[in-house]
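To keep things simple, chains are lettered A, B and C as they appear, and every chain counts its residues starting from 1.
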Amino acid sequence: MAATTMKASFPLLMLLGIAFLASFCVSSRSDQENPFIFESNQFQTLFENENGHIRLLQKFDQRSKIFENLQNYRLLEYKSKPHTIFLPQYTDADFILVVLSGKAILTVLKPNDRNSFNIERGDTIKLPVGTIAYLVNRDDDEDLRVLDLAIPVNRPGQLQSFLLSGNQNQQSILSGFSKNILEASFNTDYEEIEKILLEEHEKETQHRRSLRDKRQQSQEEAVIVKLSKGQIEELSKNAKSSSKKSVSSESKPFNLRSRKPIYSNKFGKFYEITPEENSQLQDLDIFVNSVEIKEGSLLLPHYNSRAIVIVTVKEGRGDFELVAQRNENQQGKRKEDDEEEKNEEDETNKQVQNYKAKLSPGDVFVIPASHPVAVKASSNLHLLGFGINAENNQRNFLAGKEDNVISQIQRPVKELTFPGSVQEIDKLLENQKQSYFANAQPQQREIGSPETENRLSSILNAF
Amino acid sequence: MAATTMKASFPLLMLLGIAFLASFCVSSRSDQENPFIFESNQFQTLFENENGHIRLLQKFDQRSKIFENLQNYRLLEYKSKPHTIFLPQYTDADFILVVLSGKAILTVLKPNDRNSFNIERGDTIKLPVGTIAYLVNRDDDEDLRVLDLAIPVNRPGQLQSFLLSGNQNQQSILSGFSKNILEASFNTDYEEIEKILLEEHEKETQHRRSLRDKRQQSQEEAVIVKLSKGQIEELSKNAKSSSKKSVSSESKPFNLRSRKPIYSNKFGKFYEITPEENSQLQDLDIFVNSVEIKEGSLLLPHYNSRAIVIVTVKEGRGDFELVAQRNENQQGKRKEDDEEEKNEEDETNKQVQNYKAKLSPGDVFVIPASHPVAVKASSNLHLLGFGINAENNQRNFLAGKEDNVISQIQRPVKELTFPGSVQEIDKLLENQKQSYFANAQPQQREIGSPETENRLSSILNAF
Amino acid sequence: MAATTMKASFPLLMLLGIAFLASFCVSSRSDQENPFIFESNQFQTLFENENGHIRLLQKFDQRSKIFENLQNYRLLEYKSKPHTIFLPQYTDADFILVVLSGKAILTVLKPNDRNSFNIERGDTIKLPVGTIAYLVNRDDDEDLRVLDLAIPVNRPGQLQSFLLSGNQNQQSILSGFSKNILEASFNTDYEEIEKILLEEHEKETQHRRSLRDKRQQSQEEAVIVKLSKGQIEELSKNAKSSSKKSVSSESKPFNLRSRKPIYSNKFGKFYEITPEENSQLQDLDIFVNSVEIKEGSLLLPHYNSRAIVIVTVKEGRGDFELVAQRNENQQGKRKEDDEEEKNEEDETNKQVQNYKAKLSPGDVFVIPASHPVAVKASSNLHLLGFGINAENNQRNFLAGKEDNVISQIQRPVKELTFPGSVQEIDKLLENQKQSYFANAQPQQREIGSPETENRLSSILNAF
């Protein structure tokens, strides 16, 4: 009897142990993290060899439930050495491709046509789902860096890529058909097809088995390969340049800097192309922007009314602050991870919370719609943003001279909204002469300025 | 040994006990309820003080899985006393705002502009996500009551509101930025900013801690505050009235009664504005309607082909009947709560079920698409409806003279569909001379009417 | 004490036993299946009597997580004997209805109008959600077979149908209203309404109870009933024919073969109507196609860039091959069934996998977007396809003369992509003279052809 009980209670202890570990993991995972920032180590390497790599950022909604509406958006980073090619392939996702740095030839295939484009920094193009393309780094010295926003069509947030070339890690899609079908399709004997279009199959499998623990080497063989100078010249021949004048071509690349910045002063520049302006961005309802903040400058506090913006740090360092709401009780954060409790979230007791992060090249941050944000540059800082739900988005500033919604509040309401008097409020709002971008370390205000006087008088009043 | 076993079995008993309680809760929660009606107590108070309140209806899909497609729609009710203002704020949701009663000034801010509107009963306006607005009850006597349909953009069914004014319950969004960022943004010392734009921070926190158990008092302080007569006059100055003629302005309020009713007779009136008619309603694909049923009258049985309608009782009392399908087996209702079993739902054995509810002011009911419904007024009954999936919706009546689909059935098919003869069916369908609305207690039909004769003959035939 | 422990451990053993069984079921369910094919037995019979049946295919996403984006699409098959009618009813789903075989009269009711259409093989029409319709098999000999794609509006993937006629299995929607409401609505005594419009209620319930175990018989009574020759003639009177010329009517049926095939040769024909061409298909973003592959022929390997295609085998037999990716590790397939692990799916190590299936009449297969597929006919094979996400879909062939994307690859890239030389590759691609459809068993290639020579030389080289 006691023995029987023993058998039962042993697995039970294990069961309870697992439950304990699980709950422990959940609470530590979300322990005081800033869910809005994704550091470089949150990219997963999909492919890497001596010629370059492809990396995929973790799923936004896997990081936090607050990104539930981003579940069908993925961010990819592609990098390759000079004189290399990313071989022909396609994906079951729509892509928006932006060149971060370097010079490339992008070739896009259609059933009865082919287009090659010379693209470089800031050039942007939509590759519709299923489009076969290949990408050459045509520069002699500079690495090519490309950022892709991918919107999968088959399963939310899941990408599949299909290669025409086979390699030891992933076979060509042609090798996915049976001998039978291939012989009839190409009206050719299988041995011939295998020799000319497919990798040698049998050998490869043996190969792979023996190489299973040496993945690094085997990966060197394909996907991104070297090109000779002659090959690059041949591929360059008919390549067109991106349209510098129009931002609204149906299928040509367009450049983010082809139009003048929407906000610009000596502290920074803000370029943006919206779905209203560009037909390629229209169905996907996405804007693309490029922001340059000068060292020691600040992108003033503002919010995007409707767009959720995914921002990548292209170059430079800085600081990012975001204002969000958080449930006041301690369990607030844990709740986010718990699907069951989602519906029962306490909606009455939310607190304003400051989320800060240091920014380094390669970092990604997400700004939910309507959430106030400010960015400070500690060195020249270049950001690239994709805005989801872009149509009719409005950017409202909370400081600065122009587009500042606070200054639109009527006088009697200002007084009720803020503790100061109308005169004090209006005077304070006028202190910032800049719009959009400003000095992040304003000079010491001169002795005797009205503010200092106020301060002095308030100190005096304290006695 | 026995002691070890004891340790194990004790938590086990607890575990089983919890499982038992959980299953008990599930079955009692769904115990013979009518899931289509939401009573006043299913609103949660988000804010309340002596000047008014804001209340949020529970999530539709939390109530029942049958409302899965309403997961991103929320209903809010706002009420305020005469001479008060709801201070500037915005939300991460698109809003459709309808005035149920009272007279207000609504001010909507844009980055470089401001619009104020005098609005009253029946006035409707879309506030796009992220729009800063404030709302004044300008009447001397009457409370202001506003109903909002909210469609959140960041997370399905979850709202966040952002206040410009700080109070002890929720801080101003400005206080969410660091001292550093605020000083640079406003080009002003922090003490100054704190004094003029923010609540006194340190003190407040202490304050809040000590007031944690006296929430009622602390909530009285802000969000909805009193206005002097002079302030109201100043705010009224440039306020425009809602457009009485056109229902299709891009951003001005429009009135539900600005056009003649789509159905009207001595028993009731039915006003409706559709997305085809009004550009503000177009992207959201929503119609808004207002229905008045006279005491003792009936809105005849009908269904909306495509729209799911969320109806609020504005005034009066009545009865609501809805026809839906239900699985015949006893476990049918419990299944609705069980995500796992959702996919295995038995689709072969569904029964027609009558769902009834008494209607009182403030109640909300949901009519799924294609579900037949009828509403009877025991006193003058005013309803306000928001229709989701409004475009191309068609309202088919099942009784009455006009728009009655049953009378469109061809003669040979009528006979096969119903037990009576074609003559009997046609005669019966002609008894109702009214369309859309009718008398809910029709007078006793006269002795010797054809129907009574038929009845007599059928009784005679039985012998 | 030991007795107490016993009580606890007994249910524990059961609990663990259930957990064990559950995990066993999961692994066996997905054991080496081809998730892309749905055989006839995966249809569930919703209704069946001597006059015909209605069958519903299992939910796509219930079969496999890979069909998550098809969760709101259902496939229905309807079959009836000559001289029968499917009585008036409507559903809470948009329908695309296609006649597979037979001749019918479809009558569609509107509140103030009625339209009857003579429809036959290949005729297609959209029935918007909530549309009351009835369907007559007007032929003297042939069964009527209709395929419907349904897109529900109330709950993802769940259909409800509403009958105007009552029967012992499902009551008329009219009987779902109370006596009270019915009397007022029809301005008639309830006994009269019951006798003429409803089944005799009390009796029926008793009846049903006693018949609960004899469902087959009770189902024979209604929904699909016999019609006399005279009744069919009367119903035929004002029936219009489907539009043979235009494929773009707002509400009339159109025929898939009314336009010339998009691909055609002696091995097969491919008809397709896209949302760009037909306004009925536009909001639903669906294409409909009809493919005829001659006995012994092959639809060449190709993929749909954007559309997910649901294909039904109308007639004939054949073989289907699809190329998809699969995680390399053994647990790959089990993962698909496990919601929790979905987000953690390993995206680095996917392998190309061949999925084969034998096709018989009534089978359904699903081709995800961008997945290569080929179909071989062992007898004349007729397929009917519904394409989801149809707008801007592009069909790229991987073999054949026309629309073959592989032949668009530039020469230097060809060499890097495939093991053969450019000359070998180009020669091989020219062997297939056909486009789209080809011979599935090409004749033995002549001795001395270039391919055979190559083969000989490679054999010789081996020595």
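Throughout what follows, contacts are C-beta pairs under 8 Å (C-beta built on N, C-alpha and C of every residue); 3 or more make two chains touch, one makes a residue touch a chain.
The chain list, named the UniProt way, goes like this: A, B, C = Cupin type-1 domain-containing protein.
Just so it is clear, the model here is predicted, and its values are computed rather than measured.
Taken as a contact graph, with one node per protein chain and an edge wherever two chains touch, the assembly is complete, since every chain touches every other chain. Interface residue usage between chain B and chain C, two copies of one sequence, is largely distinct: under half of the residue numbers at the contact are used by both copies.
The angle of the rotation superposing chain A on chain B, based on CA atoms and rounded to the nearest 5, is 120 degrees. Between the Cα centres of chain B and chain C there is a gap of 37 Å. Residues of chain C in contact with two or more other chains: 2, 5, 9, 12.
Against chain A, in their complex, chain B makes its touches with residues 1-2, 4-5, 8-9, 11-12, 44-47, 56, 59, 61-62, 85, 87-88, 90-92, 107, 109-114, 116, 128-132, 134, 153-156, 158-160, 162, 164-165, 169-178, 180-181, 183-189, 191-193, 195-200, 225, 227, 231, 234-235, 283. Per the touch definition, chain C reaches chain A in the complex via residues 2, 5-6, 9, 12-13, 16, 65-66, 68-69, 298, 300-301, 303-306, 308, 321, 323-325, 343-345, 347-354, 356, 368-372, 374, 376, 389, 392, 394-400, 402-406, 408-413, 416-420, 424-425, 428-429, 431-434, 438-442, 445, 451-452, 454-455, 458.
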